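Provided herewith is a single structure, encoded as structure tokens, for subsequent inquiry.
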């Protein structure tokens, strides 16, 4: 088993862990974390493949850089949605 | 050199126990600081072992963030109160 | 890079690894947060310094040395500061009014 | 020495999986968030190990910097109490199990395949105006993607503006925070600028630089060195929009005068790329800072 294959497996593992979290919890902030873990798994598969090719694949790496920034801004929006929903339900309750 | 880096990661793995255990909020931030230091060291070793000087810049960035981010986190924690 | 320097560099490298180990033991075994803070921020910063020293002995050019020295300085500063910040946060939690007047509130 | 590498890879793999699992099953939201920050740090190490310094830079700045502050600010708004714990139900275990088998069979032959893209990038690198392949892909060959990415960041900010604004008092900073923050501020700017500048011929670039500056901006805002930031201030608005505006302007100009949409004329591509990168850095830094600490209330709920 090569290093590439090892990190491919870890990437798949992370992705599945995120999927499991997505299905097992109903807490909105944890859901956002789960989606982020899934995306990290995907990135790891891509980076492992990028490293494997010779020369190192710059297209895959550039895609992941783009993906990271998009992921963080989507996370910001999702977290704000989760927080405001939480607060609004509390306001209604009181 | 890789063995040394692996050893440092093992100590990080041991430090994980404190992260899982707590008990106080500040206790859980300790391993973050610890991972920051360990991570910087591992990056420096990797830069040497894999002959990738760019990783030294990553280490510099990690060290800078390890200095900047605790300020933000502690301020947020104080704001949360209880 | 001369051979004897590479050999000699193992001394600080291994000493650094030892201090990382010591820091981890402290993190896991010390009884309260204040002592654990010391274990993390002092022992590990020393470990980082020693490993950096070892790597400097093996560095190829002066830019690498400069970056590593800068990292080491930053880490010393951030270790000391973070230790203070976390300790003070914890202290405020435990005794919210204790530090309003006394010793360190001098202006 | 392959054994040492296995020690490293194996430990890193265990750390990643344990941290991911712990983040999803932690007892309190606070613990989950801290685990996730630690996971970000370890991911940065993984990218470094896999020989992708560009990604390690971006992940360190995002995972260890911006995301941490973002999650903590959410905790502050949403409260840290918990939380229905994840209940182990059958679907949640069964479906990933099935997916695992599928994915493994799909991934097994992947390392054998070879993409023609790296060779094409290397062949055209000379014409791109920059000598670092990742930057060439980001800002020349696939500049269209990057334009869309900058727009996505902008749209996220516009979305956040429509929601409940955070309206918290910043606690009075301790003198130590102020002194240390003021010391770090110029250093952050220098490192950010350096990352931007070296992006053309070495790992680094607009996103990494922007994110570092954002991390610094958030910390400075939280200790009150920066004034409150809001969309109503015109410099903020200008900085946020600068990236997209300049990018679109360059795209339109190349379409109008040159050979096509985002097809830089030979000779001036380096200047154009630097201009776009500079503006994108400013935009990303401001936008991410606003996403974390934007705090002027505008819409009545």
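Here the chain labels run A, B, C and D in written order, and each chain numbers its own residues starting at 1.
In the analysis below, contacts are C-beta pairs under 8 Å (C-beta built on N, C-alpha and C of every residue); 3 or more make two chains touch, one makes a residue touch a chain.
Predicted model, so just to flag it, every value in this text is computed and none were measured.
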Please identify which chain has its centre, taken as the mean of its CA atoms, farthest from the centre of chain D. C
Between C-D and B-D, the pair with more C-beta contacts: B-D
Chain centre separation in whole Å, for chain B relative to chain A (CA means): 20
Just the number, please: Cα centre separation of chain C and chain D in whole Å. 28
Distance-wise, how many Å sit between the C-alpha centres of chain B and chain C, to the nearest whole number? 11
Quick one: which residues in chain C touch 2 or more of the other chains? 74, 77, 81, 85
I need the residues of chain B touching at least two other chains; which ones are they? 7, 29, 31, 36, 57, 60, 64, 66-67, 71, 74, 77-78
If you go through all the chains, which pairs of them touch? A-D, B-C, B-D, C-D
For a test of understanding, state which residues of chain B touch chain D in their complex under the given definition. 1-3, 5-7, 9-10, 12-13, 16, 19-20, 22, 25, 28-29, 31-32, 35-36, 39, 42-43, 46, 50, 52, 54-55, 57-58, 60-62, 64-69, 71-80
Going by the contact rule at the top, pick out the chain C residues touching chain B in the complex. 13, 16-17, 20-21, 23-24, 27-28, 33, 36-37, 40-41, 44-45, 47-48, 51-52, 55, 58-59, 63-64, 67-68, 70-71, 74-75, 77-79, 81-82, 85-87, 89-90, 92-93
Within their complex, chain A touches chain D through residues 2-10, 12-21, 23-27, 29-30, 33-34, 36-37, 40, 43-45, 47-66, 68-70, 72-77, 79-84, 86-88
What residues on chain D touch chain B, complex-wise? 1, 3-5, 7-8, 11-12, 14-15, 18-19, 22, 30-31, 34-35, 37-38, 41-42, 44-45, 48-49, 51, 53, 56-57, 60-61, 64-65, 68-69, 72-73, 75-76, 80, 168-171, 173, 177, 180-181, 184, 187-188, 191, 195, 198, 202-204, 208, 212, 215-216, 218-219, 222-223
Hey, which residues of chain B end up touching chain C in the complex? 4, 7-8, 11, 14-15, 17-18, 24, 26-27, 29-31, 33-34, 36-38, 40-41, 44-45, 47-48, 53, 56-57, 59-60, 63-64, 66-67, 70-71, 74, 77-78
